[in-house]
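One chain, chain A, links the two complexes that follow: it is found with chain B in the first and with chain C in the second.
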Partner chain A sequence: MAIPIRDDENLEMNECSPDEIKKEILEKYPTKVARKRAKQIVINKVGEGCEVPEIQANVRTIPGIITQRGCTYAGCKGVVLGPTRDIVNITHGPVGCGFYSWLTRRNQTKPESPEAENFMTYCFTTDMQEEQIVFGGEKKLKQAIQEAYDTMKPKAIAIFSTCPVGLIGDDVHSVAREMKEKLGINVFGFSCEGYKGVSQSAGHHIANNGIFTHVVGLDDTVREGKFKVNLLGEYNIGGDAFLIEKLFEECGFTLISTFSGNSSIDKFANSHTADLNLIMCHRSINYVAEMMETKFGVPWMKVNFIGAEASAKSLRKMAKYFGDQELIDKVEEVIAREMPAVIAAQEEVRPRCEGKLAMIFVGGSRAHHYQELFREIGMDTISAGYEFAHRDDYEGRKVLPTVKVDADSRNIEELDVHPDPDRFRPRKTEEEMKRLQEEGVEFHDYDGMMPEMGDDKMIIDDINQYETDKMIEYYKPAIFCAGIKEKYAVQKSGVPMKQLHSYDYGGPYAAFQGAINFYHEVDRMVNSKVWKYIKAPWQESPELAAKYAWE
Partner chain B sequence: MKKAASSSYTSTTNACKLCKPLGACIAFRGIEGAVPFLHGSQGCATYMRRYVISHFREPIDIASSSLGEKHAVYGGGPNLKLGVKNVTKKYGAKLIGVATTCLTETIGDDVPFLLKEYKRDVEDLPPEEAPILVNVSTPSYSGTHMEGFHAAVRAVADQVATEAEKNASVNVFPGFMTPAEIRHLKEIFEDFSLDETILPDISDTLDAPVLEEYKKIPEGGTPIEEIRRMSGAMASIEIGRTVETRLSAGELLNGKFGVPAYKTGMPIGLRECDAFFELLEKISSYETPEKYAGERGRLVDSYIDAHKYIFNKRAIVYGEEDLVVGITSFLTEIGVRPVLCASGGQSGLLAGAIEEVTKGILPESPVVRHGVDFYDIAEEAEGLAPDIIIGHSKGYHLARRWNIPHVRVGFPIHDRFGGQRLLNIGYRGTQDLLDRVVNAFIEKKQEDSPVGYGYM
Partner chain C sequence: MLLRHTPEEIVERQALMINPAKTCQPIGAMYAALGIHGCLPHSHGSQGCCAYHRSTLTRHYKEPVMAGTSSFTEGASVFGGQANLLQAIDNIFTIYEPEVIAVHTTCLSETIGDDIPQIVSKARDEGKVPEGKHVIHANTPSYVGSHVTGFSNMVKGMVDYLAEDGVEHKARTINILPGYVEPADIQEIKRLVKELGIDSIVFPDTSYVLNGPQTGKFSMFPEGGATVEDIRRSGRSMGTIALGPLASGAAARALDAKCKVPCEILDLPIGLNKTDEFINVLRKAAGVTVPDSITIERGQLLDVITDEQQYFYQKKVALVGDPDQLISLTEFLVSIDMWPIHIVTGTPGKKFEKRIAEITKDIPHKVNVRQAGDMFLLHQWIKNDPVDLLIGNTYGKYIARDEDIPFVRFGFPILDRIGHIYFPTVGYKGGMRLLEKILDVLLDRKDRDSPEESFELVM
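Entry: the complex of A and B
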């Protein structure tokens, strides 16, 4: 019996071609399921102009096929608004939904002072009972808001609807309006019932709409600082945002607001005064960026602070946008200061990691971003996919005009946004923008994950447990990255597993220092000897042992 | 229906209970070849999986019918059937435990009827393509995870056990114990030469060894054949003083098949363990094996040794009602004063049970609160001057605020390692618990000391 030792000698790659693997995976499915999955499992091929094959994404999961995905509520409350520390978030629904989203995402926050508000450790819920299901829950919701106000005196209260709310017809928005009037603080609601979308993604969109409607633009104070930016789609898992904040400060950028790692509601309110929006996680937050651009004239660009090279590239792009020589020099100085340690760490781990395979199945951006880090230590991401992304996150925004809008997406409101008559202000002239674009600074664009992955890589959308097992069996990757739900199943098959949602409670992995952390972490994992001990020496040839016992 | 008999608040802040289908999923997971299935929107299944997984550090698959808006309006029947079919195909499940969620309860899907229809459709299929389907109604807007747990166990006993010949086995309904505790129970029954059927048995399914190849459904769990024969057992033992009659599998089997039902508290602490072992003596007609007399003797000895560290300390105990009763009973014996016993559960039996296990020993009864959240607990604790809290991870913020030790027991534990291996039952488990409690006090004293004694 072979022992799964993950040493180089034993790392025999499967001889099957990706086409054969795909075929074998699909064979086990009932015809209808196979037909659907065939469109979500794609073998990559990058053309001259970076065109890639079409992948089906953002479609419903098949019942009974165990998915990684969560619900709309999770995307709205947990992901986008959860990391903001000074909004009291009330889950309107039965106890579970709120409980499960209580501090499970590991976003960190740093209040300005010990006395400053931080409600993140709290979980408020209306804890609906049968009475509310039958007679309606608005009354209880109002009471809950009142109680939260009385005990916490927050600046703002947000209400999140769970599945039963939509079904019994509670109008959380009218309750919010009424209580806003009554209490004199900002109160706003989200219709983010879990069943509304195919995944968390719908919840992101709903959260974006709500924040844009109820908060962004409430405070026009122009803060000090020459180069003002917002960072969007960075949720400060493991303290990533802290590192990026520090980096910005050192370079001379002024960070007005992050959406939403280490954030506060006042910063959201003021965020439209920034001069550039930077998008980390395109999937969860591009809506706010688009709307801010339309209404206030703030352009956005895609950045990535996962990976040392990517971080350097992003900083340079930002400096170029502002076009200030002093800033450009400062950015170069910071990069030059950080890189030697990064390179030393790469050189240290590379001999042990080079050539090993990784797989990444998470989120809406990390499956893309983390490939950078693996590449930097010579590892190859042989297969990747998103849990809840859309086609543009895979193939690039150029496919947006051809994305089919199905019933589930139509469910989610598209806000009708117009330039603000007083506050719309183009940050650059058309000529300036054009020149920047010619110089390679791209705006409102994201090329997606697939063009950056080579040919023959397997791209799998909404991977499930069965496909995970198969992929591990075929490729025997040195490391598999996903979330906690997959962690222990993967580890049981003898493959190290890194959580890239919560970082296994480690991190930070962003920017330069974060990259160094990650290299060491991966080195430790892929070179761990523990997998050798799965069998005791006396278990290694069981047939033999059995024979002795029998004789 | 009143939310919390003892809370002045309408809303819930930092709940001390989880939702009903989660308990059902854990119970289903303890049956051989079973896959838990939630009829509802997929978010609930995902949330519960991640929660169960992070406590046990074990994989658990919970399938879902993945309802969307359309199904919420027109009913989830087709998705339920398709989902069951896919789970059968992909998992080769022997049993699928279908629990409802708030969504499907609100829209009023008739799951028993839908499953009956499904069974009719697959009547002609071989058994491996037609698993046993058990259904349980688990709306979280009325009840907690423990109710869901008991309801699922009862549903399994009700829907799987059939008329069977009288046999010498004993049905055991352990309630929500850790895998390590179930393993210990098995050992005890074996030592009494009893042939037990423990339902559910999560000892392997939620605490499995590392494998070379991942198995979709882990080995272990209560064998389905044994569940079928539960009707002919010579007795049922139901553990837990707060299991309501309407949720009791023991009473069900008694009513349906005449199996004598015995109730006993969670065997934590001397007296509850004594009662438990006495019951086993009675049922088995064997004397308690020497090994346990030894464990008991050592335990009493250590009670004496521990006294100086813990006497008159004041404790807050919270979590699942049965566990709270067991821990309280234990604390009472060792000289720690439980000052507040609290639970999010609402069986209505907590206060009576606490009274039972503390009367005659404590100078004054502890405050007992059911249906509460951590906000209530904190309020209630004002003026109680606790020295320690005992319960799951969600109480940590109180321990931090009050700067007192926190001994973790129950579910969920996600800020300590090894929650699935905690052993609190039996003389041996009580010993373990005692050591942890005493050490928590010693550690605190040591840390607070300006001198830095290495000799405590």
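Entry: the complex of A and C
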């Protein structure tokens, strides 16, 4: 299929095939770079069995390429552990890492009371100096933990290692053990030095391992309520988790813990008492789900609350799992109550949005999930890609056995997890699981982004600034979605840019109300008149008038 | 209360920094490098450093901030980052085609001990640096000093690499090193210098790089910035005026040592007296007469001060920021009878405390000042001795909200407002803007809190 290209100058529609575009993009690169990028830029083709072409992902970023990616520390401290309000998170390292990850991710949190613990507004760092680089930083770290305890009296302290910590050989784990003993509170460390792995993704895995080892399962109290679930990989950006929490409550699900939006450590501690794990962001959190299933018998399923249809589908799937008629009816009632407003909003904006092109290059799940919302108002995601996802997030978990484990991935520990002798409890019998699967309720599965995108769509892993510029030049999308670093370069090109990490300080966009918010937001962006003022009158017609009217 | 766990009782901490009033060297180096035209800053370390610096600078300026990274992985951390930097230099010159790559190090590459000049020379030998293009560098270990140190080191790097001696042919130009200030401030400094009729070389110059227009076209390398040729010629100028001792002093001295260009190191021209000092030194150095237009601007600033003095008089102020800014700002506030009583910088350096003590010595009230301090301590000081006004970067708004204090954003980073991008705080006009901002929050507060019977129309 040839893709219509809008020529910048005369607005004529050109035809240019994705193959030609890919070829042109690669031409600029040195040979070795071109060879590598060729495997990370894939033109989609969906087979009858939903098989898609292989894409290279989760591999090293090419130095100097101007990547979107961040580091392991950012994935561990910033993404997974950052949103938990009652852990004192101490960054062990020079001041920068702690400073940059201080309140910048918009994970909203709502403590139970105005007095309840919330340390998210604070930044704690050992502010490592040259002396510690030379002589070691363990002594300062211990002292810092003591001072944090003395000042804040938290129930838990976590330590996050930055690059130099690994190099100078500070053992944050032994310091954590010693201080845990001394203070009598939970203290645990993460070896999440920035250079581990190839992106934030390594940090997610390290965070999953740490939280599973040090927190999950510490409290066996069975909380009251029916239909107990955990929501995994929902970080409450802009209040998304608040909307989902409300929705669950209305339907009758009991939310034990969210990993980790609007979360507290106590909820992690007894999350293993839930009967179902729901995964929103597969990339950042599937490890905890897998380990919880192995150790405690809690099955997991993929859900998606981005998009109204997807939200309804997820709720129905959850209800079906529990198989309770009252719950199923309640879920239908809630969906029926929510949908009219959703449809009205879709109908309102669709005529203005229909047929327009979007591009999404973010994260490990949003580049997939947000395509739902665009589709619901008739917009087409012409190109998409992840910043730090793996092949399974693109092609589906079915490719997991064929994913090559390279040296960078091998650096990240895989925990050896076994069924807990006392607490492992299968939530369903094998027959029940089989029956549910036959009825279309999939477990431990994620189909990935590519099977849902049509043929000829450009899938670009770890897109860089040059490719971003080229894609905008070729396709002139109506809207481009990425993060803060890309925001203003895209907008300078005259294309509205929506941040899908921070939501541009807007949102929430999850569930039904969130979908409505997003439709209106996109309508505002792609139809705004402000983009029409770029040329001044004297640039539009530079020739001087012979005479002014009043001469 | 968003900072509800901050206790009033102050216990000195030895190891734990809470709510820093500084960040690390590389971001300052990245910012400085953006002040060279056609320059791509490059972060030699893990890619998170570059991502964090670009994100923070972008949030502060609402502008594209382009920079490369060596993307260290475990292998590079063990064996050194040479291969990564060589590849990065090749890729950057091939794909992005800058005039200059300005490499700064990180805590990671510093701890490993990568030798940047050696790697760059290898890149040159291997033909990875095209003819006529430049690679400069600065060592910016994150565990020394602060972002201001990193800025200073990169500006000194510009001199070390690019400035050329010309003893026989000294030009009539004067170098201005504007310091770690905003693009709008640099524009204002350039305007004043031009108004005085002085031919100047200003570097680094981020104006029109980080406050550029919407044109419908994105350019990797915007119009602004000091050109390599400008910086090269700076070695032949008759003298250098360095603004901000901490940010600009090292480069000015290096230019003197390298090219025998004498320098005068001044405080940042914030407020009436410090701007007077700047204009006066410039006038004498260049042998020019100050035009009436500048004297009129000065008179306008003084007019605001004399007319509105009742609202400034004896108002207690808490300040947090960078040393060069705070020294001039404190002087400005004292000069209009305000009482800066709590002053914190995160940047280490004992001299800061001495200078602030000297500036505030006549205030009949206890003055707290701390170098290498943090905003947690500042907040505790405020709890113990409340103030009428807080001036600081955006993180100050959490203190301002909890303690219900009028708040003026000033410094780095400002993540939630836009004025700093376009309007200066240096020079007489900048002084007027600062006073307008201070008056606005003080009088808004008065309007908010006045009982109905004394709610004033005219103020």
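Please note the rule applied: the second predicted complex is superposed on the first by the 526 of 551 C-alpha atoms of A that agree within 3 Å, B and C clash if a C-alpha of one lies under 4 Å from a C-alpha of the other, contacts with A are read in each partner's own complex, and residues count from 1 in each chain.
Going forward, contacts are C-beta pairs under 8 Å (C-beta built on N, C-alpha and C of every residue); 3 or more make two chains touch, one makes a residue touch a chain.
Quick caveat, the model's predicted, so the values are computed rather than measured.
Participant: Given the alignment on chain A, is it a clash or a fit between chain B and chain C?
Facilitator: In the arrangement built by aligning on chain A, the partners chain C and chain B clash.
Participant: Please work out whether A:Gln40 is in contact with chain B alone, chain C alone, both, or neither, and reply first, second, both or neither.
Facilitator: neither
Participant: May I ask you to decide whether A:Thr254 touches chain B, chain C, both, or neither, giving the answer as first, second, both or neither?
Facilitator: neither
Participant: Per the contact definition in the header, classify A:Pro114: touching chain B only (first), chain C only (second), both, or neither.
Facilitator: second
Participant: Should A:Asn527 be classified as contacting the first partner (chain B), the second (chain C), both, or neither?
Facilitator: neither
Participant: May I ask you to decide whether A:Ala148 touches chain B, chain C, both, or neither, giving the answer as first, second, both or neither?
Facilitator: Both partners, chain B and chain C.
Participant: Which residues form the common part of the chain A surface touched by chain B and by chain C?
Facilitator: 28, 30, 33, 60-74, 90, 93-102, 104, 121-130, 132-133, 140, 143-144, 147-148, 151, 162-164, 166-168, 194-198, 407-408, 411, 465-466, 469, 483-485, 487-494, 534-535
Participant: Show me the residue ranges of chain A that touch chain C in the complex, using the header's touch definition.
Facilitator: The touching residues are 28-30, 33, 60-74, 90, 93-104, 114-115, 117-119, 121-130, 132-133, 140-144, 146-148, 150-152, 162-164, 166-168, 193-199, 407-408, 411, 465-466, 469, 483-485, 487-494, 534-535.
Participant: Mind listing the chain A positions that touch chain B in their complex?
Facilitator: Touching chain B from chain A are residues 1, 3-4, 28, 30, 33, 60-74, 90, 93-102, 104, 121-133, 140, 143-144, 147-148, 151, 162-164, 166-168, 194-198, 407-408, 411, 465-466, 469, 472, 483-494, 534-535.
Participant: Along chain C, where are the residues that touch chain A in the complex?
Facilitator: For this pair, the touching residues of chain C are 1-5, 7, 11, 13-20, 22-24, 26-27, 42, 45-49, 51-56, 58-59, 62-77, 84-85, 87-92, 94-96, 106-108, 111-112, 141-144, 146, 212, 214-220, 346, 376, 395, 398, 415.
Participant: Which stretch or stretches of chain B touch chain A in the complex?
Facilitator: Counting only chain B, the residues touching chain A are 1, 3, 9-15, 17-22, 37, 40-51, 53-54, 57-59, 61-72, 79-80, 82-87, 89-90, 101-103, 105-107, 139-142, 144, 208, 210-216, 344, 373, 375, 394, 397.
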